[in-house]
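What follows is a set of structures for review.
Shared between the two complexes below is subunit A, which pairs with subunit B and subunit C, respectively.
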Partner chain A sequence: MNQNDIQKVWALYKREFLSYVNSPVLYVILVIFLLATMGFAFLFGRFLDSNNASLGQAFFFWHPWIYVVLAPAVGMRLWSEEHRLGTIELLLTMPISPWHAILAKFKAAATVWFIALALTMPIVFTVFYLGEPDRGPIITGYVASYFYALGCLAVTSAVSAFTRSQVVCFIVSVAVCLTLTLIGYPGIVDFVVHGLPGWGEAVVRFISYLSFMDHFYEMSKGIFVVRDVLYFISVIVVALLVTASGLRSKRA
Partner chain B sequence: MSSSKTTSTSSAVGFTTLLVIAIVFVINYIVGGLGLGNFRVDVTEDSLYTLSKGTKNILGRINPDKPVTIRYYVSSDERVMPPVLSTYSRNVQDLLFEFQKASNDNVVFEKLTPNPDTDEEDKAREDQIQGMQVNSEGDNIYLGLAIQSGSQKEVIPFLNPSEETKLEYDVARAINKVISTKKPIIGVMSSMPVQGSPMFQFQRQRGQEPWAVIQQLRLDYEVRDVEMSATKIDSDISVLVVIHPGDILPTTEYAIDQYLLKGGRLLACVDPLCWIGQSYNGQQNPMTGQSTVVAKTSDLPNLLKGWGVGYSPNEVVADMFYRGTLMGRQNPTALQLPAGAINRSNPITESLQSMTMVSAGAFSAPAAGGPTAEILLESSEQSSGIDLATAESLRTESLKEFTASGRKKVLAMRLSGTFKTAFPDGPPPAAVGGAPGGGMPPGMPPGMPPGMQGFPGMMPPGAREGGGAQTDPAAPAATATTEPVAAPAPVAPAAPAAPVVTPAAPATPAAPAAPAGEAKTEAAPAAPAKPALPPDHVAESKGDSSAVMLFSDADMFYDAFCLSQDQMTGTLVAINSNLPMFLNAIELLSGGGDLLAVRSRASTQRPFVKLDEMREKVEVEFRPKLQSLEKQLNDTVQQIGTMKVKTDAKTRTLILDPEQQKQLADLQATQAKISKEVREVRKQQNREIDWIKFTLKMLNILLMPLMVIAVGLILAMRRRSATAAR
Partner chain C sequence: MIQVQDLKKIFGTKVAVDGVSFKVEKGEVLGFLGPNGAGKSTTMRMVTGYFEPTAGSISVGGIDMLVEPEKAKKFLGYLPENAPLYSDMTVASFLGFCAEIRGLTGAARTKALDRVLDLCFLDSVRNQSVDTLSKGYRHRTCFAQSIIHDPEVLILDEPTDGLDPNQKHEVRSMIKRMGENKAIIFSTHILEEVEAACSRAIIIDRGRVVADGTPAQLKERSPNAGSLRVVIRGASGGSIKEEISKTSGVQRVEAIESTETGLVARVLPGKTQQAGDVAAAIVGLAVAKNWKLQDLHQEEGRLDEIFRSITRSDTVA
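The block that comes next holds the complex of A and B.
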């Protein structure tokens, strides 16, 4: 990427991000996200009664479930909107490669999640006010949470590349994210394994390694394990690759 | 652009995409599946997930010719394995990999998957791994370790996820045990049956289990019982543990003194008010048929004095800041010590997080010239010493008057350096026939009735030794025969300042079994007015080998104050750092410094300190008001009480004239009013804390959403006015 390309990506990123800022959707999602994270932590997680100055159990615990629903809500307009309005043609006739557009749009949506997470800072101040928390797990918890959001967002981006309806994109993305969250769960694994012959078990176990959840918890405890970081980056790369091929197939 | 060309381009691109995806999968598989991705960056403050130096030292001691094999049993079948356990099993595996790496391959790691109905399940059973039945078909899951070196084997039957922070210690301890050839000996001396009592089938009584601390000790050490009346401590004992030495004899103190000075190490728990000891009282000992009598208070009067340590057996520490609950009541003598009360620079206490002490006493450090003291645990400044009666009454009522001393009270300390004997004049006489003198403090009434020894609060401190000695018929005889006694000679009371007497008397080597009279006649000419010292009497410790660890509470090491039953597995888990503290201390004293460095990061609990501080502040504010209200209430109740005394002896009914009736009604109304006020004040106390919690909750939940809405509205309005202006 040369200087010129960076400028183009930057311009496109700015346009995308401002379109978020100018739409009410951003504010609605931010408010819902903040109410959900804090509400879960303080009301369901009983954070103040836990007498434990760490954010893992009461706060980060709930994030995956919130992202499963809200990340697709942020990401659903990434490409579906362009398809619906036909502006995709315009966008791709611009002197930029599809990859630049994909990256710029993904970064804009990622910025939204960055802001959302940054706005949960009061709980960090609270925990430092009340006790002497371990900084490490809080930092890794936020990184893990952000990775989770980006993972869901990337999946949504891939789905939205194939459909022109935002509603379809939202529902399919939620389903995929939920699946990726749940495939580590034994109930689901049982159900699948029972319908398969013996060799299927190894396959199922391999698939359950792909579950978002496991990789999330390792990190939210305060350890960066190479394979977890690699896992999330892989998910994002694969999903963006699928986005690219989706756009190409639509255009063709 | 021809359609065929488009198709070929897009298929080429599609192929590239698939290829890249495949590569990503393969990388993930290589890194994750094959264990290359176990490189971890541990960012926790206490490096919770990194092997400690102690572990590495232990691993470094493994003999390459006798490698250690770790067999890791973990069920992998997802149909039966709960997700919590499979996540945890991966952490365990990662940690075991770290062990293997740090050992230069002297640790051999084997992973077995004992899924239902496999050969490996049989192996797990052979290795005594604990199977847990998970469904009605009888399928078992396993998550355990067998650690073996040569013929020595250690098994961790089940790895409990809630004890994750203890995992490294457990594994390191097991490795340390299988590679070490000899167990250190720990002597345990106590006036309570801490070692349990054996089952006695004839009387159909269940034997008592030993205390958990003793059971833990037995895992790593040879535990040897030492009688409370012992007059000699075996020199092969590497650590002597003394728990609540109620009614200790001066002769026993002398034995401990000499043991220590000859390079022994001592862990002593004295207690001004021992709750657990009280609960043993009255129980029948199935072996002897006698009922157990445990003194309420314990002390090591001569030894503590000899080291220059101040300790009052009549004083219990009450601490408003660190108070906890006892039997469902807030009790300032039930100390909940947070990390701030624990010495952060000593290896044994460094990473302990919280301790519990119940009705502890207070020490004062020795002055210069004595052994070096290092404070391990201390109270807050909001503390004060209260007397035993008040401390006992706190079981049912709250503390009415309290003035903080403003000074921190020492609850535990470690003494090291040079120790001088507490018995410079040689062994104290065995208390035969209530002869006064010897090491006993003056003021002791001669001939205390035997039954009195269970109630030390009723007699002057120091008199207890006398009472105890007389009731134990075996003690005087034993002392007379095993120790060279110079008894009837006049003996000056032991004093730390007394000049050290050199063993000048040549006469004493006379046979230890020599009659007391003979010893006297021989000793008298050599050193008039001074007793003869036995040949092996040591006046001062040499080298750094001698060490003492002092705790001012014995209850703290009782099971109920260090362990609780885990809801899920039914196993016992530590609720605080009391047990680690005890084991740390034993390990340090017995010289196993490596293991010590492993466990020192046991608990990860980080409490909300701020809320505790607030609670204390609020209570200080309300205490005077509450006190005056409670006093008023008491007065009213008393007034009512005195009125009711006038009863008719025949009919046993109250005789009240109308005026008295009115007065009674008034008093009762006042009583009701005051009780209500007390309730109100208490409610108000709680209200402040609740208000702070509520405020925090609301700020967290609502502040940011409202700000987001405000920013959104402002931006929207600005946009609108911008468009309107056009």
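The block that comes next holds the complex of A and C.
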């Protein structure tokens, strides 16, 4: 990317991000996200009862389930809205590569999640006030949580490239993200594996290895595993490639 | 500036554009005519790089659209059909965004913005949200977007659609003015628009170019082009018709309205070049017979006649 390209991507990013800022949806989602993360942590996570100055079990544990619903709500407008308004015809006849637009839009939505996570900082201050937590797991927990959000967003971006309806995009994206979460959920994996022959178990373990959840757990436990970060990055790359091919197929 | 060769587009099994070729030079305004569904928009979408053609080549400003789309698109300004806009932006922020994406920043951006706001009469709504604009303003905002970088090639898909007569007139004269130093293609199904603004017109039907020429050349192809229309009173229609038919050079006289006291008719000369002689003969005849000659003029031929006679996308599919 040269100077000129960076400037164009910046213009696209700015437009996309401002359209989030100007829409009430952003604020609704931020409020729900904060209520949900805090609510789960205090009510179900027994954040206070656990008497444990850490965030792993009580706080980060619930994030995947929240992202499964809220990340598609943020990402569903990315390309569906362009299709619906017809502005995609303007966008793709501008002297930019579709990749500039795909990346700029993804980054704008990613910024929304960055802000959302930044707003949960009070809970970090709380644990530091209450005790002396280990910093490592908190940092990796946030990294894992952010990558989870980005993974769900990338999936939503891919789905939105294929439809002009935000509702369809939302439902399909939630279904895909939920599937990618559930196939790695320990309870479900153990249930399925139970009674399977050895090779069957291997297949199930492999599939669960492809899930978001599997990699999220490793990271959120405080082990910063390069492998898991690479996993999420490759999910994002694949989903954005699907986005590009979706846009292409709509024009062909 | 624009060169299109054997362009073809197939959607599934439907052939939308079937071997269209044309050229537009700087200083030319090319009108795209054709019934709905003839392939006008599809052709334009391919020229602007939005659709990928199934076959054929497109070059804009000497650059191949299929090989270097980003470079070729720099020459282009495009007004899509229905004038799409980001509904959550204001007019000024939308146009500012379009300017930035075209590589205009800082003072150049401000200057370009002021220029198009002025040119498209948008100053009064510059800070209004696109959502709240009336159709005419929306259309002009999208039009402003297409000229913000002062492109050398302008492609306008039904630029006057949905405008009131004053705005139509304004857009037409703007196209004509800009056509002096740009290459412009615009599509329409309003025939008077072609006569008002185009230096050349192409008629597309069922994905093919069925006519190509200046508006005057096209009009000559009209079945009634070159015929004389006469209105004569002072004798019975039948006798007038008979007398005129005998005049040399007259091939046929078609009575439009024949009464006891006069005749309204179309006189077809054998050759178009003889029309003057025939007209003179009719005047002489009228003087000799003491008829009252109320009207005598040569028909120019009408674009809608040729349009109707050579296009039938809607009726025969």
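Things worth noting here:
What we mean here is this: the second predicted complex is superposed on the first by the 231 of 252 C-alpha atoms of A that agree within 3 Å, B and C clash if a C-alpha of one lies under 4 Å from a C-alpha of the other, contacts with A are read in each partner's own complex, and residues count from 1 in each chain.
We take it that contacts are C-beta pairs under 8 Å (C-beta built on N, C-alpha and C of every residue); 3 or more make two chains touch, one makes a residue touch a chain.
Because the structure is a prediction, the values reported are computed rather than measured.
By the touch criterion defined above, A:Val31 reaches subunit B but does not reach subunit C. By the touch criterion defined above, A:Ala144 reaches neither subunit B nor subunit C.
Look at A:Ile223: by the touch rule set out above, it reaches subunit B but stays clear of subunit C. Of the two partner chains, subunit B is the only one that A:Pro122 touches; subunit C does not reach it. Of the two partner chains placed by superposition, only subunit B is touched by A:Tyr209; subunit C is not. A count of residues in subunit A touched by subunit B and by subunit C gives the higher number to B.
In the overlay built on the shared chain, the residue A:Asn22 is in contact with subunit B and with subunit C.
In the superposed model, A:Gly39 makes contact with subunit B only, not with subunit C.
Looking at the shared chain after the overlay, A:Met76 reaches neither subunit B nor subunit C.
In the superposed pair of complexes, A:Leu92 makes contact with subunit C only, with no contact to subunit B.
Subunit A residues in contact with subunit B (one complex) as well as with subunit C (other complex) are 22, 248, 252. Listed in rising order, the residues of subunit A touching subunit B in the complex are 21-22, 24, 26-27, 30-31, 34-35, 38-39, 41-43, 48, 51-54, 119-120, 122-123, 126, 129-137, 139-140, 184-186, 189-190, 193, 204-205, 208-209, 214, 217-218, 221-227, 230-231, 234, 237-238, 241-242, 244-245, 248-249, 252. Partner subunit C is touched in their complex by these residues of subunit A: 4, 7-8, 11-12, 14-15, 18-19, 22-23, 85-87, 89-90, 92-97, 248, 251-252. For subunit C in complex with subunit A, the residues that touch the partner chain are 45, 48-52, 70-71, 73-74, 76, 78, 80, 82, 84-89, 93, 97-98, 100-103, 105, 142, 145. Across the complex, subunit B meets subunit A through its residues 6, 10, 13-14, 17, 20-21, 24-25, 27-28, 31-33, 37-46, 48-49, 76, 78-79, 81-83, 87, 90-91, 94, 604-611, 693, 696-697, 699-701, 703-705, 707-709, 711-712, 715-716, 719.
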